[in-house]
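Each of the two complexes below includes chain A, the first together with chain B, the second together with chain C.
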Partner chain A sequence: MNAGKLLTLVQKEWLELLRSFKLIWVPLVFVVLGIMQPVTSYYMPVILEKAGNMPEGTVIEIPLPSGAQVLADTLSQFGVMGLLILALSFMGTVSGERNSGATSLVLVKPISFGTYIAAKWISMMTLTWGALLLGYAASWYYTWLLIEQVAFGPFLLSYILFGLWFTFILTGTLLFSTLLRSAAGAAFSSLGLAVLLSLLAGLMPKYLSWSPGSITGSAYQAVQSLEGFDALASFGWSIGITVLLIGAGLIGSAAMLRRSPALD
Partner chain B sequence: MNETTMEISKLIPIIAPIFVIQLILMVIALIQCFKAEETRGPKVVWVLVIIFVNLLGPIAFFLFGRRIKA
Partner chain C sequence: MNRLLQVEGLVKTFGTTQAVKGIGFNIKEGRCTALLGPNGAGKTTTIRMLTGLLKPTEGKIEFQGLRPGEDQRSLLGYLPQSPAFHNWMSGMEYAVYAGKLCGLSAGEAKSRAKELLGRVGLADAANRKIGGYSGGMKQRLGLAQALIHRPRLLVMDEPVSALDPIGRREVLGILKELKEETTVLFSTHVLHDAEELCDDVVIIQSGQVALQGSLSQIQSDHRRPVIELKLEDKESSMEWARSFVERHQTDDAWRMIIEDAHLEDRTLRLTVLDMEKARQALTEELAKQRVGFVRLEAGYSSLEDLFMKVVGA
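Moving on to the complex of A and B:
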């Protein structure tokens, strides 16, 4: 793999992200989602009073959630809406280019399959981590403004853990995008994988604490961090396995691309 | 009564950024929609969806609206 070639290809991918406006609208949507959560939590009693069909004189007592709880809710919101948006916007990343013939145009140049996949992956990840950071930071700021300050350490730790989960699922999208011809198929297999993994991790936390699905749970715990919560000690296994699987997914994508670089 | 009006005046600066961002998204989506040679489905419908469906309208257009040239 050649660093100069990789950089050129990454720049090409960024340019494409910019031209398709993904570089702008994806972070903006994350920011809106991030702001929404603390605001709706804070104003829930008012919203219920104005919009709900409550009989006159009903007194609703909803305890204000703690700041950490609001941030955990934000993360779970990102885990559904954010992941859906990211997976859908990256679903055609390889299959679309392959169908249109752009892949063959790139690959006739002396560029290895690994470099091509790595460039795709790096550009996807910069957008993902950037959008997640902006949205989560907006949520953090609003939580601070409206409810209470959450310490920076737990915020950062939960951001990294959740980013790792996103990385894992989107690497899956990339892999399925090279495997399958249809873009929608890639998006829905990787989203299905996300749902399946988090469902299994939720159902059998004892046996599946090593699975990537338990990372989301550990991110929620990290932000609500209880004194002395040690991510590496409690979730070292799932983190390690996730990193391994991400690597395997990348190698697998490169191998799959080598097998069918173009439509015949 | 006084209390609720106070709530609302406090609310405006808080939710203003949400409206601004949604407006930006709407404008970008509209520009893209007008510039697109071909959209998936009638262009007029997309314009209406972008303008009237809050937040999800522009997202839906960005994700599904444009036909990828083969």
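Moving on to the complex of A and C:
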């Protein structure tokens, strides 16, 4: 793998994200989602009061959720809406270029298939981790303003765990995008994988604690837990396996691309 | 002469159809070679195997002068039949991008891109988005990006087939210059384009090589004297022509001097064995039978006749 060529390819991907405005609106959606969670939690009693036709004099008593609870709810929002938007943004990353014929020009240049896939992945991950950080930080800040401060340690740990989950699913999007002709197929398959793994991990937490699907649960736990919570001891297995699967997904993508660099 | 590329026994099977059935040829350094054949002959399939975009089912593709460990793709510049770029880039950005992917430094890529875009006539459009380019402009940008790293071999698939007459002239003009500087292989189904540009041809038909060699050699090997007679639009003359076509193989005197005769519309075309005698005998016959004709021409068969014969059209 040649660093100069990798950088050239990554720069091209970033420029494409910028020119298609994904670099702007994807983080924006995350920020909006992130702010909405603490804001709606805070104003929920007021909203209910205004919306509901309560008899005169009814007193609504909803306890304000804890700051950690609000952040966990934010992550859960990101896990649905955020992941959907990211998967839709990246679903045609390889298949689109292959279907248009653009890969026929690029992959006859002396670059390795691995470099091409790595560049795609790096650019995807910069957007993913960046958008997640902005959105989550916005949520953290508003939670602090409106409810209470959540310590930085649990915030950072839950961010990293959730980023890992996103990385895993979006590596799946990349793999399916090199495997399938249809972009929608790639989005559907990877989101389906996310739903399946989360469901299974929820249904059988004892037996599937090693599965990538349990990482989201770990992230919720991490943000709500107290000092001295040891992430690696609690879910080291699922982290290790997820990292391995991400590596396998990348190698698989490069192999698929080598098998059919362009449409026959 | 130095061989740059050697292809042997190339086979490609798609499912049950065999698109390429054992093609072999050599490309000599500094020459321009045309892969000539009708649509569906297997030209695109062959070229895509040379570029590495398609894996051969069988066969060998060997580049000479490849240093150990060197990627064979670094010797190649490739222009597909209808090149697709990233439409959101400008022509200049794409050419620089292509240069860097071939291992040029940023500065080198930029100066090469500038030089080549000027050369293919895109200097003014260099900073416009590719999405707004015409077909001819895309073809010329395709040439520029293929040449950016000074490849030893330029490979093009039907470089002018999809263009309008003006675009075609422009691209042919550029190719004429380029072939002086680098080895060129291109495919076409138009004989005229091959004749205009090439030194060597490989004629393929149904996935097989029908004929190959240098254009001048093929021309002289297969050149036959022919006489063309265009008849007057009169029943008696046409009657004579029809009977002559039937008669020339049975009549001993004619059989010695005429190899083949066929009538197409009002033109009688004779492939002759002995031009002197044929001319003499034919004029006597025409006078004796009072055949009315519009034109009588003696000459040689063209490459087109040969091409038609070889591809069986």
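To be clear about the criterion, the second predicted complex is superposed on the first by the 260 of 264 C-alpha atoms of A that agree within 3 Å, B and C clash if a C-alpha of one lies under 4 Å from a C-alpha of the other, contacts with A are read in each partner's own complex, and residues count from 1 in each chain.
FYI, a contact is a pair of C-beta atoms (placed from the backbone, for glycine too) under 8 Å apart; a residue touches a chain by one contact, two chains touch by 3 or more.
Owing to the predicted nature of the structure, the values given are computational and were not obtained by experimental measurement.
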Which superposed partner A:Ala262 touches (first chain B, second chain C, both, neither): second
Partner chain in contact with A:Gly4 - chain B first, chain C second, else both or neither: second
Contacts of A:Lys109 with chain B and chain C, given as first, second, both or neither: second
Which superposed partner A:Ile35 touches (first chain B, second chain C, both, neither): first
Which of chain B and chain C A:Ser100 touches, first, second, both or neither: both
First, second, both or neither for A:Lys12, with chain B first and chain C second: second
First (chain B), second (chain C), both or neither touched by A:Leu200: neither
Which of chain B and chain C A:Val243 touches, first, second, both or neither: neither
Footprint overlap on chain A, where chain B in one structure and chain C in the other make contact: 100
Residues of chain C defined as touching chain A within the complex: 14, 48, 51-54, 71, 73-74, 76, 78, 80, 82-86, 88-89, 97-98, 100-103, 142, 145
Contacting residues of chain A [partner chain B, same complex]: 21-22, 24-25, 28-29, 31-32, 35-36, 39, 43, 46, 85, 88-89, 92, 96, 99-100, 142, 145-146
Complex contacts: residues of chain A adjacent to chain C: 2, 4-5, 8-9, 12, 15-16, 19-20, 100-102, 104-111, 261-262, 264
For the chain B and chain A complex, residues of the former touching the latter: 7, 11, 14-15, 17-18, 21-22, 24-25, 28-29, 32, 55, 58-59, 62-63, 68-70
